[in-house]
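What follows is a pair of complexes built around chain A, which joins chain B in one and chain C in the other.
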Partner chain A sequence: MSYLPYALAVWIFAVGLYGVVTSRNLIHLVVSLTVAQSSTYVLLLSIGYVNRGTAPIFADVPKGTRAVDPVVQALTLTDVVVSVTVASLLLALALQAQKRTGKTDPDEVAAMHG
Partner chain B sequence: MDVLVPLPVVIPLLTAAGLTATGHFLGRRADDLAGIAAAAATTVISTLLVLRSLDHDLVYWFGGWTPRHGIALGVAFDVDPLSAVLAALAGALVTASFVFAWRYFDEVGTLFHVLMLVFLAAMTGFVLSGDIFNMFVFFELMSVCVFGLVGYAIEHRAPLQGAINFAVTNTVGALLLLFGIALVYGRTGALNLVQIGSVLQGSRPDGLLVVAFGLLLAGFLVKAGAVPFHFWLSDAYAVAPIPVCVVLSGVMSDLGLHAVGRIYWPAFSGVFSANADGLRGVLVGAGVLTALLGGTMAFFQRDLKRLLAFVTIGHVGIFLAGVGLLTARGLAGTTLYVLADGFLKGGLFLAVGILVRRAQDGDELRLRGRGRRAPMAGLAFLLGGLGLAGLPPFGTFVGSALIIRSAGDVGYDWLPPLLTAASILTAGTVLRAGARIFLGWGDADDPSLSHEPRAADEEPEKVPGRVSPPLLFGPALALIVVGLGLAFTPGLAGRATQWAQRFENRPAHAAEVLRGVVPPAASAPAFHPGAAPYVYGAISTVGAVAFALFGLYRRRLPTLLQRGPGRLAAGPAARLKALHSGIVGDYVAWVTFGATALTGLLALTLR
Partner chain C sequence: MTRQTRIGLFAVSAAGLAALLLWAVAGLPDFGHYRGPYGKVLNSVAVGERHATNVVAAVTFDYRGFDTLGEEFILFASVMGVALLLRHERGERERLTTRIHSDAVRLGGAGFAAGLLALGLYVVAHGYLTPGGGFQGGVVLASAFALVYLAGDYRSYRALAPIPAIDFAEGAGAGGYAVVGVVSLLLGSAFLHNFGPLGTTGTLASAGSIPFLNIASALEVSAAFLLLFTEFLEELAVTPGDG
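Presenting the complex of A and B:
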């Protein structure tokens, strides 16, 4: 098993975070967050990957067949659901911010500080 | 298996589902009644769970997937008294806020009740869960509900900002958490907490484990609001509707810290045992920093909700230091402190709600002297402020006494004075606001306080005058009285210490969860606080009153006194305030910095 998938996950996470930190547009910010979120799918799936493993469906296969870890796949599915929920909620908030203030720059939407 | 165990999650979830389907036909009062009934039932059942788990944990395996040969495949709820009391606290606060909302909102949709109930289910599920991925799922469920609740008054600008900052920062925190969980699973092949601990038994803390633990810690501390992860908290709590603030400030922040204890003892205490000193230093250091920063920032606020938000951060710091001592006494003390403090802060937020409802304003300076017509809210403020100061033997005193003694046990004698200073700052600020609003004391203007948008903009529109006082001040005073009175439960400190010792004893806990070995019943050690906690309690109370007077009459001090220290403090204060910029990108940068710094410090200390 190579280190490449792990490096990729960290890279995607870093790129997404960079987008969130520097974003000047709420929609861009939400999409960046989704990018960062997708790094966890890569990480989870690569943790459960087994070289030359098949899908973890144990009907009609001989006993002892190599299969990838089904647990991380379940975790990834859950994670996808969570991230879609968060992204849609944030997009709704961004839309509302644009409607109320006419602006999409998070710096300009900010009303309180200190 | 005890059938009661899943009920604190099932009841609010099913009620929420039922309300979603039928709420529009039944009308507002049916929603209110259903909400109150479900939340009250959750509180009662959680309290029953405390009583049933006094001697041994209640372990519940969903679907009957009990462990085979000591290996857990199923998902478990693991109920111990320290967790169940937090579930009960959550239930009680949600009940109180539903009762308060009865009159507080003139118009509110079914959505509010549904989100609050799902939020409650997520909180109880989070504290009872014995499985790290389940904790993540409930963590996210909790977050998503609160994002919606914080942005409830979506037609205004400030709630939008608060909700966006909250949602983005907490989602990044959840990602850190998930990274940590994935690494732990990759290393151990386990998600059950005690199973993780059993697999790691005897191994040495290597880089992977340190990074994983650092990420888990960072994720939970984002939720708790520890420095430097706290920036979202003041924005979100300042704009959430009052009944939501009660629950957020009273219990949600503290759940993040409970989770730190919940992952450390069952899963990591074995592998990090040789380096516990270093970890203790990092956690207590972060706690002290958070406590002092929260207290200082609270002093500079004039918006009452934002003020209480920083008070919350200050107390999160005290709790982090308490849990971070990594002793049974520290954990017991923190839990008792969290309980009393949760009720008191809940009561304070409701008192602010009464003011907002009456005067359509939540600004300390503009409300000066206008609170005289709401004496009950004033009483709540006074008692709440004294309770937060730890006036012996009321309220938070028992918890802080345990923490003070525990600090002495591990040789951290410098810790109690710092924590006392933090509680002087927070309680003093609460008393200052109370005296200014309800007694009309102090100056009418104070330029060093932050300016805030009109608080009235943040609430759904209300008609003044139609106020039914008992339903408003009843819950506020009830919460304050419970918070003050909890300390009088006989033998509480000793019992809590016994529960914490059970929590801390990893091998016995693992045997109980994985093999069903019930530990022999232990007797509760007696706890005699000794003189020191009383001295600290007295100093804290007197100090808080003095600090409140300082805040009110600061500008009447002799000019010489004002000039020198005032000038010295002005620069750093302005810089500190400027850090809280309200811009989400900055907050995420701080989270990234904090997670990196935390993991770096752990790497230095845990090797």
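Presenting the complex of A and C:
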């Protein structure tokens, strides 16, 4: 039971990777990559979890309340931002590839500009 | 490489990857028994040291402030990349003509967009006190404008979104963050070291220089998302028949 969150992260990663490898569409490829990357959020947040800990926000709880790790949460924030920027850049490239070749299947795009 | 060979190769390497992942997961700390020391230290000292009640924001904009500068530049660079790829001569073209005709959707969208805008400003302003911050609030702010497009049309989006100011805001956000770091240097401490009066814990006037970095990243993030929306929507606008 205590390894379930990690198993979930591995599962999300596997699903995303499978999507990337079998993709027939560049947009689908980018979304699959985003799915694979989102497994890292689950992994980071589950590593930082402390049993019965609250969010690391001490606005209306007394100092010294047991809270989860703030460092991995900040890392997850960075992770999300990087994921979004990579996705937007790849989507722009996919658009360009479609405009240049008229194709959206990664195999066909590669075949034309191998 | 053909599709079949690629999938075959993937099947083989996936088995190896699965074994390695299982091995790695077995070595992770038991869920709920986090062992890293930094989080515990920060949770006990951040409020007293920096007068910020949101420790995640204190980590992002203070203890790991330098990393966040790098993150800002990643965002800046990739959004510039998108603009470079998609922005081109825009002469006469077919405008996006899809228009939402349902009055209920248009009215609801307008109402929600106003609410989202207020929520975004709130999330940004209270970033170092309660959950939120410049990054989260910036995305909420930009999505208010996306909602204008979704519930209305492209013309209303262009009319409402501050298009001419986006590029400037994008640069000012990334640059402003670095400027706050340089001010620390001028005051005689390390780059991005927290400066200024720490104020009263739990009020908006607290946490030293964290609010400035918070606002700089809010500006950067909301401008970046608006720029992305605009570039991709313009792409739709120049493709006749696809709108």
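Here, the second predicted complex is superposed on the first by the 106 of 114 C-alpha atoms of A that agree within 3 Å, B and C clash if a C-alpha of one lies under 4 Å from a C-alpha of the other, contacts with A are read in each partner's own complex, and residues count from 1 in each chain.
Just so we're on the same page, a residue touches a chain if its C-beta (ideal position, glycine included) is under 8 Å from a C-beta of that chain, and two chains touch if they have at least 3 such contacts.
Please read these numbers as outputs of a predicted model, since none were measured by experiment.
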Point to revise | Touching partner for A:82 - first (chain B), second (chain C), both, neither | key: both
Review point. Just chain B (first), just chain C (second), both, or neither: which does A:70 touch?
Key: second
Exercise for review: Answer with first, second, both or neither: which of chain B and chain C does A:26 touch in the superposed model?
Suggested key: first
Practice item. Considering only the touch criterion stated at the top, classify A:58 as touching first (chain B), second (chain C), both, or neither. Key: second
**Study point:** chain B versus chain C as contact partner of A:96, first or second or both or neither
**Key:** both
Practice item. Kindly classify A:49 by the partners it touches after superposition: chain B alone (first), chain C alone (second), both, or neither? Key: second
Check your understanding: Who does A:7 touch here: chain B (first), chain C (second), both, or neither?
Key -> second
Point to revise | Common interface positions of chain A, toward chain B and toward chain C | key: 13, 17, 21-22, 47, 71-72, 78, 82, 85-86, 89, 93, 96, 107
Exercise for review: Note which residues of chain C are touching chain A in the complex, please.
Suggested key: 3, 6-7, 10, 14, 17-18, 21-22, 25-26, 28-34, 36, 38-40, 42-44, 46-48, 53-56, 58-60, 64, 67-68, 71, 74-75, 78-79, 81-82, 85-86, 129-131, 133, 135-136, 202, 221, 224, 228, 231-232, 235
Review point. Hey, which residues of chain A end up touching chain C in the complex?
Key: 2-7, 10, 13-14, 17, 21-22, 46-51, 55-59, 63-64, 67-74, 77-78, 80-82, 85-86, 88-89, 91-93, 95-96, 107
Check your understanding: Which part of chain B faces chain A closely enough to touch in the complex?
Key -> 133, 137, 140, 143-144, 147-148, 151, 154-158, 160-164, 167-168, 171-172, 174-175, 178-179, 181-183, 185-186, 191, 235, 238-239, 300, 306, 450-453, 577-578, 580-586, 588-589, 592
Review point. Which part of chain A faces chain B closely enough to touch in the complex?
Key: 13, 17, 20-23, 26, 29, 33, 36-37, 39-40, 43-44, 47, 71-72, 75, 78-79, 82, 85-86, 89-90, 93-94, 96-97, 100-101, 106-107, 109-114
